[in-house]
């Protein structure tokens, strides 16, 4: 995929963020790894104003290579993750409401749904609070997600980062983390209101579900 | 209805799932009974990518008869239900959020609304946890729904299955179960927050409402 | 307005019900008073299938005058209200989720917002449980709303009825009752979670707000 | 920008209110400062009926200068704010549900999210209850927001006012206040249900985040 195609894809993926109610106004961004750097949303631009051409290319020190606009103020975070996690090809950042509510309490989202075992292979971990704009958040993301099955992390008092082999895979994780954050939220409310318990999933069941989802689920032949 | 028409209808019904906010990304599926088997969604395909032609035909042992793609990883569950409930012509499976929140607590949704008495004739029952991908879930669905007035079941830690004489009837049940799961959730929250009680419906009232809905409500002449 | 125009208007108003998330599948209905009777939604028909021509005309004993379909199974309720409240020209019935959650607890929605004082002039009252299909619900609606400033009532374990001089006015009340039911629900949840109180509005303030809204607010000259 | 352009812009911004689920039926309004006065929504008109020409021009005593319709019944409030806060060029008023739920409890929204530190520089303050239609609300808005970093205030038992250098900036604040009101609501519910705490942000972190957002974030060169 050349840069023009990647800009078009990254633009199209950004439009999925408001469509899935994951972002508000200009917040949230997606990046894609490219040779020698990354391509990312410009800072403070609304999703309606975005164009393929407005995406900004930077190197892995977050220095602009190509683009008329300033890159996302989270660019140093994305760059740090790409430098330290070589398998990552795409990153998504949002303040999606349910996941961010969990982040505001500083607690991981417990793995109590088969859909969570499938996609995340366990709880969605919560990283410590870190200042925005520098390498700190990147360090926390890498520290927590390295060797973890979850492609998503929530960051205390802040929001969500997800990673994937491609920007599309990271987007999927961002959509799914909000979905399960909401359902588990609702389950916790219901349990508290009715004096019952949210049922736990046994670790062996989580392992089996995650293995099935990552090895059996989906299309394993080439789809036309 | 021939296979081409049924594929078109099944595709159209699948599009109702995201439209009614019952599914996220690729999760959820609908099947229709056909002569000697069933027609079902392919595995791991997003709703936007679905086409009538992508629907997969299998026999009632879940072996593919026709189709280029792998069928839903829930196909063995659907097949089991069709084998054991001869009146069922359509099945819907979702992880719709409110119903799944009830499932996460492992408790049935109590019948406290006239709309529940109408459609479900009582509580929406909750089945035990069962592993995904084999006959186990199908066995649990059949065990609980056989002889039950409810066309819907929630499965602990997992989600929703609904059955109907047609795929459309099963879809209606899937839409209605999420609707009442939400309203009863809200009622429980309100009652807990205000120190009051959710009012119960008398069994005789539930019976009368269900009888009226299934015998009087709707159009009983042929509609043009 | 002749019958054809009224059918077109009533059809258009029905489409506002799903657009405002007040109804699910076939539930909910609107009627308009006409000379010698009423015009109402047919029973068990989805909103997408409705047409102006499908609306059913009945007399005030709920007997069909014109129309190929069976009228809403709530027609006797609407007819009773028109017989006993001569100023009412339109009626809306829904199971909108937040208002119905209040109804499930059997408690009125307290008047704690200026928007409630404006539109309802006080709490939204809750009527007793009554069986569906006959005059019972109509009697309860008339008993509670006669002489009440609120154009909306919630009915225990069931849903909402709203009345107005026109079907449009009743629709507005149905939209507003769900809106305030949601906001007051959220306020009660927040108060309970944080150990604070929902603030009350003084009766004199409610009176002043309601007078302003019904006498000053809006356009009192003829609008072009 | 001449008056015709400003009317068109103000009309377009009004359409963002229902699109962002901030308003219901006719409630909510936006104004823009113009030479010698302001331009504002007409009273009691639905958003679908609005046109650029229907916007009403008044002087800063809320007397109509131009327009066939009566101006918003909140015009005196807007006029008071423009008279006392010379930097304000646009004002938005809504009853958006989550922010209004906070207002119903009479408590400020605590600053517990980086997105709140960014946009509001601290908690969103709550003003006292004041009658609608006169200068009282304006006085409360000015008293609380003068010298405050927050462009938004919630008013007890009522709703939200936001201010900005332009109507667009005020709209952004109205969108963001509902967004954070919702996320902090969810966090409080989650904390109460699970017996944990919503994490606080240190004042120094709030200051740093607000400085970064207002000085570094976004595009500081001229964008083409």
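Chains here go by letter, A, B, C and D, matching the order in which they are written, and residues are numbered from 1 within each.
As a working rule, a residue touches a chain if its C-beta (ideal position, glycine included) is under 8 Å from a C-beta of that chain, and two chains touch if they have at least 3 such contacts.
In this text, all values refer to a predicted model and were calculated from it rather than measured experimentally.
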item	value
Partner chains that subunit A and subunit D have in common	none
Chain centre separation (subunit B, subunit D; CA means) in Å	43
Interchain centroid distance [CA atoms averaged], subunit B/subunit C, Å	30
Overlap residues in subunit D, where contacts from two or more other chains coincide	189, 191-193
Overall pattern in which the protein chains touch one another (line/ring/star/complete/other)	ring
Subunit A-facing residues of subunit B, complex	24-27, 42-45, 68-70, 73, 95, 97-98, 100-102, 104-107, 129, 131-133, 156-159, 185, 188-189, 191-193
Contact set on subunit D toward subunit A in their complex	112-115, 172, 175-176, 179, 182-184, 186-187, 189-194, 196-199, 201, 205, 208-209, 212, 216-221, 223-224
